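Chain lettering (A, B and C) follows the sequence in which the chains are written, and residue indices restart at 1 in each chain.
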Amino acid sequence: MMTSSTQHPDRIRISGGRVIDPANNLDAVLDVFVADGNIAAVGTPPDGFIADHEIDASGRIVCPGLVDLCARTREPGQEHKATIASESLAAASGGITTLCCPPDTYPVVETPADIELIRLRAEAAGKARVVTLGALTRGLDGEYLSEMAALKKAGCVGVSNALRPLANTQVLRRALEYAATFDLTVFLYADDHWLSANGCAHEGKVATRMGLPGIPQAAETAAIARDLALVEQTGVRAHFCRLSTARAAHMVARAQFDGLPVTADVAIPYLYLTEIDIREFDSNCHVIPPLRTTEDRQRLRDAVQRGIFSAICSDHQPHDPDAKLRPFPSTEPGISGLDTLLPLGLRLVDEQVMKLGELIHRLTAGPARILGLPGGTLAVGSAADICIFDPELTWLLDPSTIKSHGHNTPFMGWELKGRATHTLLAGRLVHTL
Amino acid sequence: MSTASLQLDAHGRLKHFLSIEGLNNQLLIDILDTAESFAGVTEQTVKKVPLLRGKTIVNLFFEASTRTRTTFELAAKRLSADVLNINITQSSAVKGETLLDTLRNLEAMHVDMFVVRHTDSGAAHFIANHAAPHVSVINAGDGRHAHPTQALLDIFTIRRVKGPDFGRLRVAIVGDILHSRVARSQIHALNLLNTGDIRIVAPKTLVPAYAESLGVHVYHDLEAGIEAADVIIMLRLQRERMQGALLPSEHEYYELFGVTEEKLAVASPDVTIMHPGPINRGVEMDSEVADGSRSVILEQVTHGIAVRMAVMSMAMHHQKKVTQ
Amino acid sequence: MNEIDNIPGMLDNMAHELAELLKKGNRDNPAMVGIHTGGVWVAEQLHRKLGLSDPLGSLDISFYRDDFTRIGMNPVVRPSQLPFGIDDRHIILVDDVLHTGRTIRAAMNELFDYGRPASILLATLVERDGRELPVQANVVGSHIRLSATQHIKLLGPDPLRLEIKQES
């Protein structure tokens, strides 16, 4: 028997599981073999393979470790809410092996040192890969370009101005062109900040009744229209983050049809919740972009199923309790989502919104492709980032089962079905149930 | 928690008073009838009753307002309660305590009731959700959401002037509906009393999205909107509306939506004119209308005290049951 | 005929006794206050018989009841009307039934909110057992003993009639 250590990871055999690997068109009950931190084989064992240990995955699903396109760990700068250590642990318990963080930390991710800090913290925690987007403009202030070449060299997977506004379309145009010079994907948040100014809910019947300042649909669509025009002008590869309206889905589909290099994602809460869920000022439903109408939710679901949105992310935003313990408009927006990404995704399959293979694609190969990362696959030779989950296991989301430091989720108290039983990161077991 | 279950106790009686939404028709009428008794008190020589003697009521105002605070204070004192006025400006709130901490500190001093005014919609609900079980919360206005005591005194006034059958009434609300918590509460109250026709009259910039879903007809033309109206309620136009590109000028607003004796010709001959105050003369209406025989604006102010006495004593009544 | 069926007779006796008490105590220029609703009906009669100069005052004690919270807000509350000053006056307080004494306590509290009377005489049409507070009437139309489940009520205003009901 080989002894295990971090230098020489164990040889592992994952047996009897239903392997779903959309990147390789695979859906079959097969064994998976791991050696040296990589996928050694799928199906037939390599010659002379002796497993150090075996994971019995019968009755379970074996898929690539989930790739979460957007999750905030709150580090550096807001460690009172959460840290890289706490959130990568939560990610691992949810079967997520890669997290992508937006650059709006404190300080903003705009120097190689910032990227390095995050990478080192993630490595020290050792529970998940944490990649980052770099700032599109200095300080995210929307005026001056950031040193995107240096950021790329330091390892950022794209650039973004997060939810901060850009001074004007000329600055936006130049920023897109500059990013395109280095073949960087720009992650755009479709938000016209004048139209959405001070709003905290969708400008519709619910906001009208409750007297909440509204964010009109046009805040999203006007921004997309402008951004698409500039994508066309500059040829930059663009990804639209967390779209919330049916109209936006339609515009992206049209752009894709027209051959523009545009991708988009949706955050999973928007596939479930609508403006009605705000109920009597439930601050857990204060999110940006806001929860829209039932018609929007239906069209978003269609768009995800059809692949117009090629990724579903958690849009994880953990908060300390104080951030939500205020009157609704004064609360900080955001839902803590790492713990619920997988089970809520599986529920979409149960509700026949999409097939299991399509779901897993949107959680693995889809986001990996958008990020330009080698993950989201079980191809032989790729890193053994693996998620094994029991799709029938029911559990209650409550303060004792949630792993993120952020308990701010409207799904608290929900009975969920589907849970990761094992998560491997580079062939190392980082989570068992 | 639904507003009904938050502001009413298990027997359907008032525990907090947060919004007209969540009340039922009978409870609304009970509140109006109770206010009638208190109206008598304010007309007596001895204007006090001992109902809330020994109770402490805190006016917790996060938004400046002398007039509303004064009427609540007067109402509380006429019930023989002790009153504490706390004005928390935005800057001190930002510098200092969270809203919850302020609440807890005051509760530690054994207060019985909070009357809350805040710039955020949902603030009164928030406080009611976190208040200690024996404490009652009265909403004195939260953001754009609700100002239920104002709506109460308005329909109390209408009932006194026009009688209890709202089904035969045509009521027009004119002005900045978009930003108005008063209008929202009035609309809920009028709907709860099965008012025949409720209209809002304003330029498009001042009408909220999907306004019809509130149970009103929308008009952008004053004459059409007040045609055959039995009651016209004017809302105050705030100076800030010129900023944010909502209106070009008070002048144009007055031209189009200001109520004058001339324009009232199309309304019902015994139309009643109302305004929550303070009035901008020459903007919402001219002085002739404001001071004319059809105006009940001053009566509204008087009724405001009786209505608040009613709501405070009904909510405090619940409290006694809790501590017994 | 039962004593309580002869209300006119009771009222005459009461007026007579009151006149004597007022003279004996040198209570000049008294004013009369009836307690809503039955007490006002009784007071109207007595006021007429005594020929008092000031108009009759009336009190609604709903807001002064100590059991207000248990019985809840009664929406129909008439305002109290005292068309004369209370300070230094000799007051004749009139009620229909004196039972626990709480109504009289509430009425006296309310009177004192209006001013400081020189004296108060209490006249009641019926006095029954069951006192819970140390209150006594100066002038009584008829004394009666009832069980705990019986209640006596004055109906009126015309004709005035006393009714005894059994709580089931």
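Here is the rule we go by: a residue touches a chain if its C-beta (ideal position, glycine included) is under 8 Å from a C-beta of that chain, and two chains touch if they have at least 3 such contacts.
This structure is a prediction, so every number in the text was calculated from the model and none was measured.
Asks: State the chain with the largest centre-to-centre distance from chain C, centres being mean CA positions.
Replies: When every chain centre is compared against chain C, the largest gap points to A.
Asks: Of the pairs B-C and A-B, which shows more C-beta pairs in contact?
Replies: A-B
Asks: By Cα centroids, which chain is closest to the centre of the whole protein?
Replies: Central chain: B.
Asks: From the C-alpha centre of chain A to that of chain C, how far is it in Å?
Replies: Chain centroid spacing, chain A to chain C, equals 79 Å.
Asks: With chain centres taken as the means of their Cα atoms, state the distance from chain B to chain C in Å.
Replies: The mean C-alpha positions of chain B and chain C differ by 41 Å.
Asks: In angstrom, rounded to a whole number, how far apart do the mean CA points of chain A and chain B lie?
Replies: The mean C-alpha positions of chain A and chain B differ by 45 Å.
Asks: Can you list the residues of chain B that touch 2 or more other chains?
Replies: none
Asks: In the complex of these two chains, what residues of chain B are touching chain C?
Replies: Residues 30, 33-34, 36-37, 40-41, 43-46, 48-51, 310, 313-314, 317, 320-321.
Asks: Sort out for me which residues of chain C touch chain B in the complex.
Replies: So the residues of chain C touching chain B come out as 62-64, 68-69, 72-82, 109, 113-114.
Asks: Which positions of chain A touch chain B when the two form their complex?
Replies: 203-205, 207-214, 216, 279-281, 322, 325-330
Asks: So in the complex, the part of chain B that touches chain A is made up of which residues?
Replies: 1-3, 6, 21, 98-100, 118, 120-123, 125-126, 130, 142-146, 181, 184, 208-211, 213-214
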